[in-house]
C-alpha cells in the first residue's frame, strides 16, 4: 500500500518541477521567475491539477503492477455510490447542455451531480464522477447534448469533485438550523470577510491594472455599465447572503457560501489556461460575451479568460453548492444516512440509533 | 435453480453458444479496429491539433487522421454533418470574438462603431477555427465508429475495474432515460396548474418543480437499484467473466504506442522551441 | 359544473405515426363517475390527456362547458380538470407533505384561509392529516400515491381524472380511494378513472367506457357492460369481467356485476 | 436446502420502532409460501431479511438467527448468499442493470459477476430464459419491453444465479392484467417444477393459485399462518386489511345474507 503512495507523491513533485521549468516559454511570454502575475498564476494552478491526475495514474499503475487490477480504487465505492454516479453524470450533462446551448447565460450549472456525489461519497467518488462526466460528454453522448470542449476540462471537474468530497467530509454541508442570532452574525461576518477579502484581492490583482471600471473618463462606456453591473451583483450577493442566513437561521448557509466561492476560484484558476490555450478563450456558451468584453478592454487572451473565469465560476459554483444543499435537505433521511459520508450530512441530533443488546448491524 | 436440480439442467438444444448479436462486428474495417486504438487516435489527433497551432499543420493532420479513416469507415458524409453541428456554436463565436477583439492589432480591416476587425484577429480566428474543427472531427469519428460499451469491455479486459465500466455504460443509458423522465414530470406539473407558457418569471419559477422530481425521483430509485445489483453478485471482488471482448492485435498495440510517442515528441519539440 | 365533450377526436403521435385515437365521441356530464378500461395501448391515457389540454387533437375537438379546449392553456384547463398521474415519483418535489399539496392550489392563485382549508380537507380525505410535516420520500410507496391524489384534490377542480388510482394499494387504500371518489361525486363534481381493477370499477363507477385500438367499443353501466352480451367486446380487449358477473351468468341470474347484486339475485331466486 | 429464521427482528437505521419482530419461519425445499398483509406491515422488510439484503446492503440492525441447513449465515457476504437465495422486486425497470444492450446480456449479468467460466455463463443464461419461456426475447432491448416481459427478464436474471430459493416482493404490483397473468403463470410453472419460493402479494387470488402455505403479517409480526386454503378463508383476514380471494369473499357475503347454497359453491368451483 505504502509503495503506491510514495510513487504517487514522487510523480506529483516531478510534474510540478517540469511544469515550473517549462512554464517560462509555454508560448505565453511569461518568464519563469514571476509566477504570480495573471498568466503565471493560472498556468501554475493548471500544472498543479495535471500533477494531481498524473499522481493518481501512477498510484493506479503501481497498484495494477502489484495486484493486476485496480481494486483499492474502485472497491472504495460501495454499490450505492456506483449506482448514484450515472444519475449524477446525467444531471451534469443534461443541465449543463441546457444552460450552455439553450440559455446562453454566463454560468455553467454542469457540476451539480459531481458535487452531490462528492458530498455523499467522498473526494475520490466525486473526482471519478467529474472525470466520467466530461469524458462521456464529448466522446459518447449524442447531439443535442454533446459538448466538444467538455473533455478538455476534465481536470477541472476532477478537482471540483475532490473539493466537494472534502467539504462533505468536513461536515460543511451538515444543516445547522435555528442557531442564535449571535452565532449567525459570527458565521456571517467570517464568511463575508473571506469572500470580500478574496474579491478585493482578485479585483486589485487581476482587474485593477489599467482597467478602470468605475473611472468614467478614460474607458469605453460599455465597461462602465459592466463595472456597475458587477458591482451591483456583488452588493446583491452580500444582501442576499445575509438575508438567507437570518431568514433560514441556518449557519450552514455561511459554510456553503464559502465552499462555493472557493471552489469557483480554484475552478477558474485551472480552467482559464485550458480555455485560452486550447479554445482561444471561447467555448460556445454564454461566457464568450464576457471574454470578448475583457479582450475589448485591452486584456490579452490569457488574462481575458481568467478575468471571465473569476466572475462566472464563483457565481456558478455558489449557485451549484446551494442547489446541492437543497437537494440534500430534500432527500429522505434514511437514503442520505446510507451513503459513505451520509452520516456527516445529517443534523447533529439525527445520528443512527446505536446498537444495544442483541441488535447487531451487518457483519458481512 | 430453486429446489430440485432438474430445473437447472439446460433443456435440449441449450448448447447454443454466445448469440451472434453479442459483440457483432462493425460494418467496415475501421469499425472493426480495437476501440482503444480508435480512442487513442481521436485523443492524439485532438491534442496534436492544439499543440501544432497554425493552419497547415492541423489541416494535414485532419486529412490523415480523420478524413481518410472516415472514408475507410464509410462514414464521411455523417462525419462532416455531425462534426459541423458539434463545432458550429464554438466556431462561430470564436471567429467573431477573435476577429473583432484581438488586442494590440494595428492593421484595421473594418470598423463597426467602437469595434474594429483586424488582420491579426482574422489570422488568429482562422487558426482557432481550424483547431476546433480538427478536434470535433476527431471526436466525431470515434463517436460514429465505436459503440461505447465496446470500449468499456475492452478496458475491463485490460484490468480496469468493472465498477468504473458500469458507471460509464449506465451513464450512457441514464441520459436519455432522464430526459424522458423530465418530460413526464413537466406534464404532471402542468396538470397541476404550473404555467410554462406564461412570463419569463413564471417559467423560472417552474424550474424547481421540474428539476426537483427529476433529481429526487432518480435518487429515490438508487436504493432499489442497489439492492437489485447486489442480489446479482455485483459486490464480488475481482475480475468478471466477459461474454466477449473486441479483438486486438500486436500491430494495433504497436500503432497505439507509436501515436503516443509521436504526440510526446511533438509536445517536447513544441515546448523546447525546436520548431515554431 | 363542467361538461366535457369529445367530438370525433383523433390523435396521431408524431414519431410513430400511430393513430392512438381513431374517432372518439364521448360526453361526461357533471357529477358523473366514469371508468375507462382497456388494454395498454388502447388510447385510454391519450384520451385523458386531451381533457386537460396536455395533448391537442389532430382532428375533432374537445370542449369544456361548450368552450373549445384549444382556446385555453393547460394552466387554465388545470383549474377545471385535475389529473392525477399513475407514478407519484413523477411529480413529488417539495420537502414536506403540506408544501407538495399546496403547489396546485397556489398555482391557481389561491392563498390564505381558502388555501389552508383546501389542503387540510384533501389531506384528511386521504388519511395523511397526521403527516403534514413529513418528507414525502419517508412515506411508503402506497401513501406517496395517496399524497399525489391529495395534491390534485386540494385544487377542487370540477372534473377529477385519476390514472390507475388503486395500483399498488392494499384493501384499506382501495377503500380510501373509493371514499374520495364518492365524496367528490356527491358534490356534483365528475370523476373519470382509468383502472384495470374490474371489481373496483364495477363497485365504484356508474358508467364503464371500454376502449380498444383508439375507439370506444362499449359504453354503459356496469350491469350492461359486464352482462353476458358485453363479454365478447370485453374479451377482445383481454379483460375479464368481475367474478360476481361470471358466477351470476353461470347460474343464469342475469347481470350481477357486483357481490351485492349477485347476493340479491341469489336471494330472489332461492 | 432450508432457510430458517428463528426469533428474527429487524430495525431500519435511525428508526425507533422495529419493522419486524419475533419472526420464526422455515423456507423448505419445494415449498411455495405466500406472504400477505396490508401496506407497511413488513412484507418487504421480511423479504429483504430472508434474502440477506437487510442488514448487509440496507443497513439497520437485526436480531435472532438465520441459518442455511443449520449453518449461521450472519458472516456470509452478499455475493455468496445471492447464489443461494435470489430476490426480485416490484418495479421491473429498476431491476435492470442499465448496462446490457440485449435481454441475453441482461440475464447473463449475474453469472458474469460471479466469474464462473464463460460456457457456464452462457448455459445458465439460456436455461434461465428457457425456464420462463422468453428465449425468444434474447435479442430485444430490455429497456423497451413492457412491464410483464420486463419482470420476467428480471426473474430470469435471478434464475441464472442458480439460487435454491427465490424471494419475490409483490412481483405483479405494478403490472396490468396481461402482465400480471404472464408473471403469475411463470411463477405457477416454477412452483409446479418444485421451486422453493417466498412470494409477497396483495393479490390473494394469485397466492391461492401458487402457494401451499400462507403467512399474514401485521405490524411486523406473524398474525396468521397455515395452509393456504385455511388462512385465505379466515374471517380475520379482512380485519387485518387483506383483501380476500374473490371466491371466498363471495361465499362469505352469501353466508352473511343467509343465501349460501350449493349452487354458489358449484358455480365457484367451475
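In order of appearance the chains are A, B, C and D, and numbering begins at 1 in each one.
Keep in mind that, in the parts below, a contact is a pair of C-beta atoms (placed from the backbone, for glycine too) under 8 Å apart; a residue touches a chain by one contact, two chains touch by 3 or more.
For clarity, every value in this text was computed on a predicted model and none was experimentally measured.
Asker: Please tell me whether A-C or A-B has the greater number of C-beta pairs in contact.
Answerer: Of A-C and A-B, more C-beta pairs in contact link A-B.
Asker: Give, as an integer number of Å, the spacing between the C-alpha centres of chain C and chain A.
Answerer: One centre to the other, that is 48 Å.
Asker: Take the average of all CA coordinates in chain A, do the same for chain B, and state the distance between these two points in whole angstrom.
Answerer: Each chain reduced to its C-alpha mean, chain A and chain B end up 22 Å apart.
Asker: Would you kindly tell me how far, in whole Å, the mean C-alpha position of chain D lies from that of chain C?
Answerer: It comes to 30 Å between the two C-alpha centres.
Asker: Please work out the Cα centroid separation of chain B and chain D, and write it as a whole number of Å.
Answerer: The computed centroid separation for chain B versus chain D comes out at 41 Å.
Asker: Can you list every residue of chain C that touches 2 or more other chains, as numbers and ranges?
Answerer: Each of 93-94, 137 in chain C touches at least two other chains.
Asker: Tell me, which residues of chain D touch at least two other chains?
Answerer: Residue numbers touching two or more other chains: 56-58, 77-78, 98.
Asker: What are the residues of chain A that contact at least two other chains?
Answerer: 79-80, 86, 330-335, 338
Asker: Draw the chains as points, connect those that touch, then say whether the picture is a line, ring, star, complete or other.
Answerer: Looks like everything touches everything, fully connected.
Asker: Of all residues in chain A, which touch chain B in the complex?
Answerer: 22, 25-27, 64, 68-71, 73-75, 77, 79-80, 82-87, 89-91, 93-95, 101, 112, 128-129, 132-133, 136, 138-143, 145-146, 148-149, 151, 220, 222, 277-284, 288, 291-292, 295-296, 298-301, 327, 330-332, 335, 338
Asker: Sort out for me which residues of chain D touch chain C in the complex.
Answerer: Interface residues on the chain D side: 38-40, 90, 146, 170, 173-174, 176-178, 202, 238, 241-243, 246-247, 249-250, 253-254, 257-259, 261, 263-264, 267-268, 270.
Asker: Help me check something: in the complex, which residues belonging to chain C touch chain B?
Answerer: Per the touch definition, chain C meets chain B at residues 49, 52, 54, 73-75, 78-79, 82-83, 85, 87, 89-94, 103-104, 107-108, 137, 151-152, 155.
Asker: Please name which positions on chain B make contact with chain C in the complex.
Answerer: Listed in rising order, the residues of chain B that touch chain C are 181, 184-185, 187-198, 208-209, 212-213, 216-217, 220-221.
Asker: Under the stated contact criterion, what part of chain B meets chain D in this complex?
Answerer: Against chain D, the touching part of chain B is residues 1-4, 6-11, 14-19, 21-22, 149, 162, 165-166, 169-170, 173-174, 177, 221, 223-236, 238-243.
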